Amino acid sequence: MSDQPAPGVAVHLGANKYGKAENRLVRITRDTTRHEIEDLSITSQLRGEALAGSFLTGDNSRIVATDTQKNTVFALAKTHGVGSPERFLTILSQHFTDSFDWIEGGLWQAEQYTWERILVDGSGHDHSFVRTGGGTRLASVQVVDGATHVTGGVKDLVVLKSTGSEFRGYPKTAFTTLPETSDRIMATSVTARWRYLPDAVAAGVDYNAVFADVTRVLLEQFAVVHSLALQQTLFEMGRAAIETRPELAEIRFAMPNKHHFVYDLARFGLDNPGEVFIADDRPYGLIEGTVVRDGVAGAPDAWRDVPSFV
Amino acid sequence: MSDQPAPGVAVHLGANKYGKAENRLVRITRDTTRHEIEDLSITSQLRGEALAGSFLTGDNSRIVATDTQKNTVFALAKTHGVGSPERFLTILSQHFTDSFDWIEGGLWQAEQYTWERILVDGSGHDHSFVRTGGGTRLASVQVVDGATHVTGGVKDLVVLKSTGSEFRGYPKTAFTTLPETSDRIMATSVTARWRYLPDAVAAGVDYNAVFADVTRVLLEQFAVVHSLALQQTLFEMGRAAIETRPELAEIRFAMPNKHHFVYDLARFGLDNPGEVFIADDRPYGLIEGTVVRDGVAGAPDAWRDVPSFV
Amino acid sequence: MSDQPAPGVAVHLGANKYGKAENRLVRITRDTTRHEIEDLSITSQLRGEALAGSFLTGDNSRIVATDTQKNTVFALAKTHGVGSPERFLTILSQHFTDSFDWIEGGLWQAEQYTWERILVDGSGHDHSFVRTGGGTRLASVQVVDGATHVTGGVKDLVVLKSTGSEFRGYPKTAFTTLPETSDRIMATSVTARWRYLPDAVAAGVDYNAVFADVTRVLLEQFAVVHSLALQQTLFEMGRAAIETRPELAEIRFAMPNKHHFVYDLARFGLDNPGEVFIADDRPYGLIEGTVVRDGVAGAPDAWRDVPSFV
Amino acid sequence: MSDQPAPGVAVHLGANKYGKAENRLVRITRDTTRHEIEDLSITSQLRGEALAGSFLTGDNSRIVATDTQKNTVFALAKTHGVGSPERFLTILSQHFTDSFDWIEGGLWQAEQYTWERILVDGSGHDHSFVRTGGGTRLASVQVVDGATHVTGGVKDLVVLKSTGSEFRGYPKTAFTTLPETSDRIMATSVTARWRYLPDAVAAGVDYNAVFADVTRVLLEQFAVVHSLALQQTLFEMGRAAIETRPELAEIRFAMPNKHHFVYDLARFGLDNPGEVFIADDRPYGLIEGTVVRDGVAGAPDAWRDVPSFV
């Protein structure tokens, strides 16, 4: 090594985890001729004091190889099915913590992609599907100190309203040039992650029903709230989600303000009453917030190493 | 300049064009409280002998600035509306070739993104929308030697069938290891570009209706054709498109074969009869082909500088 | 709103922040004919109890508009220069917390892109530059409860060694199929974030010198450590960084194991002693860990909303 | 099929090809302890009249499976080595057209990624490497009607000059608002593809030396030309490349004008003499042009299905 270590410098291993990321699992249920498809990207990562040897000395005797984690994902998809990403991640978490006494916990994450049946003569085909938009489903299961935390979520849910959005009343500072507006386009790409109440998880949750309800009310609120700020819309979306589903403890949002600027056509003698816009890429506003059910205890472990907002 | 030119070396300007790319136009129609949205990325590029001066000597006296082209896109979106990408690109092409006698032609291209109304209590909202998947619409208008060529298209139309696909009977060469299969997943992301017959363009085409019909029959064919090869599926999709719409001269496809491999679970004592797959990214098969209506004259100018297949 | 709120459901606002993301700042220093370039993407986000009104009622009276934050970035780049991303983010943080008494803190983040002078006749040109690889520089400044936390970092530092890497001795479980190897390609894309000791920040840090030293020793360690596990390489890289620069409190890494598989050529009667590999995209190993200087107090606030590992 | 075919509609197969795309080949040469690395993405696609059966009837009896093409890429990398992308693609093209008499031609394309040795104590390490920027190398070999065409190239070569660029003298039209400038930032990401003269290919070309020379003079010209238009810079870059290397027939460029706008600081009482810029993403100028050696015959077959400019 080319650098002389400073005398007396000593270091230790801090937070860590390891595993296999983005296992692209496609699970076909073909019990009948009418197939079902589940399409996910699954990341499995393990934690445990006993794993330190791999970092400190290259001792792999407790390292459940990332390749083994990958094989496990696909094998358990066969033996247990998927059902919902939250359910399948829970099965994975139980498998690893039960099978290896030195695996103390970990983080399992999923994205799920949505497919619809292709319409043929107006009916959904038995085994042919088309990928749809409308957002990618998210889930995570985290095991820390014997507790299991479950989140659901959605990302890339892109929405726009062409009116019903204002932005006024902000401080006019030395560097403020933005004119106030009582009618603008508001557009965002919603990332939301909701944490399930531990009691609800223990009692059993219909995760697919919750996902459907939450995404539905998020869209509805975005539509019906007359917006004074993207912050306000965010809060009303979160409030409605928690009101709708008693299983939810809290919901986090990251909502970029995807700017659409009214194009200045007055230079060409044309008026432009909110008809012609240029969509801009960067920079963008970035509004992040959490809505929490009153009386619910916080759970920082649930969010450990889960992307903070986005 | 640091390099001594070789004596007697002479060069000239070959094919060229220039313009403004990816103008992100959002056009709201708000004549009533029920708004309509059109969301596009538009590229405008011009050609003409008189433009050579800019390349050869930096003489910009005939260069319609790319910033001017951008302004024009947004101004004409106000004065003419969009209607369909093919219609709007045609308006742009006419504007530039009519306004500047030294502009001999050019290539105008568009992508269009699809939005649906957000459902509130089961009804589509007046002015709130959600981006959908199911592919991005494509269009191009090319003017060469006084002729105008129009194409429509779609990309990122991702489809999968979980059975009804075989691949057998191929040569077994020194480097062949692939086993034959009579039942596999077939998945692809369709890029298709169809050229309109000049007579149809002259008579007037309902471009939106054609787009809807063509994408519908592409999906239907993908679903119903029992596939012996992705090539065969491609051809049947093209044949159906041309049969369905008399306005089409030809249709080009680029269809990656997005491999889904049956995960080998026999190593764990599990059978896997087409239930658990791993989706792979790269490499992928890449099948490209054109289906042409009999008796139609070729039009290489229509495809000049349009992405060959993808 | 379409959903009847459950009686008695009450919610409150949790963690939040807001601002302008990815301001693409290019700062040219042109005091002489030999120009300097600094090229960054800067994100500014603010926090404060007084901002809750915007979320709760759409009261923007304390919202320093994200557009104002953007203007501030560019104005302060003029008046103060950049110097280093850590320095410039600190200036931004001080501006916002000093100028607005209700702004209690925030998170300021930067990416910086590297340019080299173009060589002409062997000498670097005065004002012409080419973008280089070798990683993107990262920095963050976080202000929480009156304390300022500073991190530096790098991402997309892609490295590979073609020998000197083993992976053996791991448990052979029911789902283990990976063969042991004493000679493999090891490749990764390093993301590292190091936290500066508060005392060092207070005393003044030469951030550019630290960045140069840390990235140099990270590369050196990757090269010279004979690797028994990617975990071990990670730890040795972190240890060397902390030994080299006394300003560092800790360093976090996210290191994907970018798999390169020996292509099976035996099927064709060819041996392949580590010569021909196929690089795979997904899934990939994902090893994350932290190396901490002994005796240093933890600082979770420093990492609030900073991407956990990646 | 759900759509009634129009009576008398007949179609035929037009242009097509098929193969395996983006084979990620990493070739290590380890004859000594000082290893060499070659890292490429290779696409192989075949053409031939006999392949029509696969499209028309699903007859695969002449389909050299894309999986076989993949195996061939890796096997020939072992038996022949890479050397240069142009050389290796030529070997592939000869293998396929020689081995299968019904394969009439095809298109083979490569990207090559650049690695440098990691410096340890000032010396390049024997077997540890870091990915560098400065552009991705491109190559193609096309076989049509018995003729072989070879191109080299580069993409993602990102350059910027902070002065020495003007844009003036363009027409002021109804939609022109751009002010003239005699001093702006000019930035672009160069894509260049050069075609080798068939005689040079036949005589044998040192492709690596040409690549080094051409990229060097492209950078030099970008630096030293005082630019009146990006078009002019493009032409001078091409002229220099052809003057420098007698093997070149022509060179094509796609050069986006990556806009950097002077940030308006006058609103805050600050001047900004070309110091603080905001880099914009979209839209961008897009300048494309070809420089051709005088007296050289055109070769449209060389460019068949090669990306037109970009």
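Order as written gives the chain letters A, B, C and D; numbering starts at 1 within each chain.
Just so it is clear, contacts are C-beta pairs under 8 Å (C-beta built on N, C-alpha and C of every residue); 3 or more make two chains touch, one makes a residue touch a chain.
Predicted model only: the values in this text are computed from it and were never measured.
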Target chain D, source chain B, minimum contact steps: 1
Chain at maximum distance from chain A, centres defined as averaged CA atoms: D
Approximate Å spacing (C-alpha centroids) for the pair chain A, chain C: 21
Centre distance in Å when chain A and chain D are each reduced to the mean of their C-alpha atoms: 37
Centre-of-Cα separation between chain D and chain C, whole angstrom: 31
Multi-chain contact residues (two or more partners), chain D: 2, 23-24, 71, 75, 120, 175, 177, 220, 224, 267-268, 281-282
Chain contact topology (line, ring, star, complete or other): complete
Chain A residues within the chain D interface of the complex: 2, 120-121, 174-175, 177, 267-268, 281-282
For the chain B and chain A complex, residues of the former touching the latter: 23-30, 35, 37, 39, 71, 74-75, 77-79, 115, 118-120, 125, 127-134, 157-164, 185, 216, 219-220, 222-224, 260, 263, 265, 267-268, 270, 272-281
Residue numbers on chain B that touch chain D, as the complex places them: 1-3, 5-6, 9-24, 41, 43, 45, 51, 54-68, 70-72, 75, 99-100, 167-171, 173, 175-178, 217, 220-221, 224, 227-229, 231-232, 234-235, 238-240, 242-244, 246, 250, 252, 256-257, 282-294, 304-309
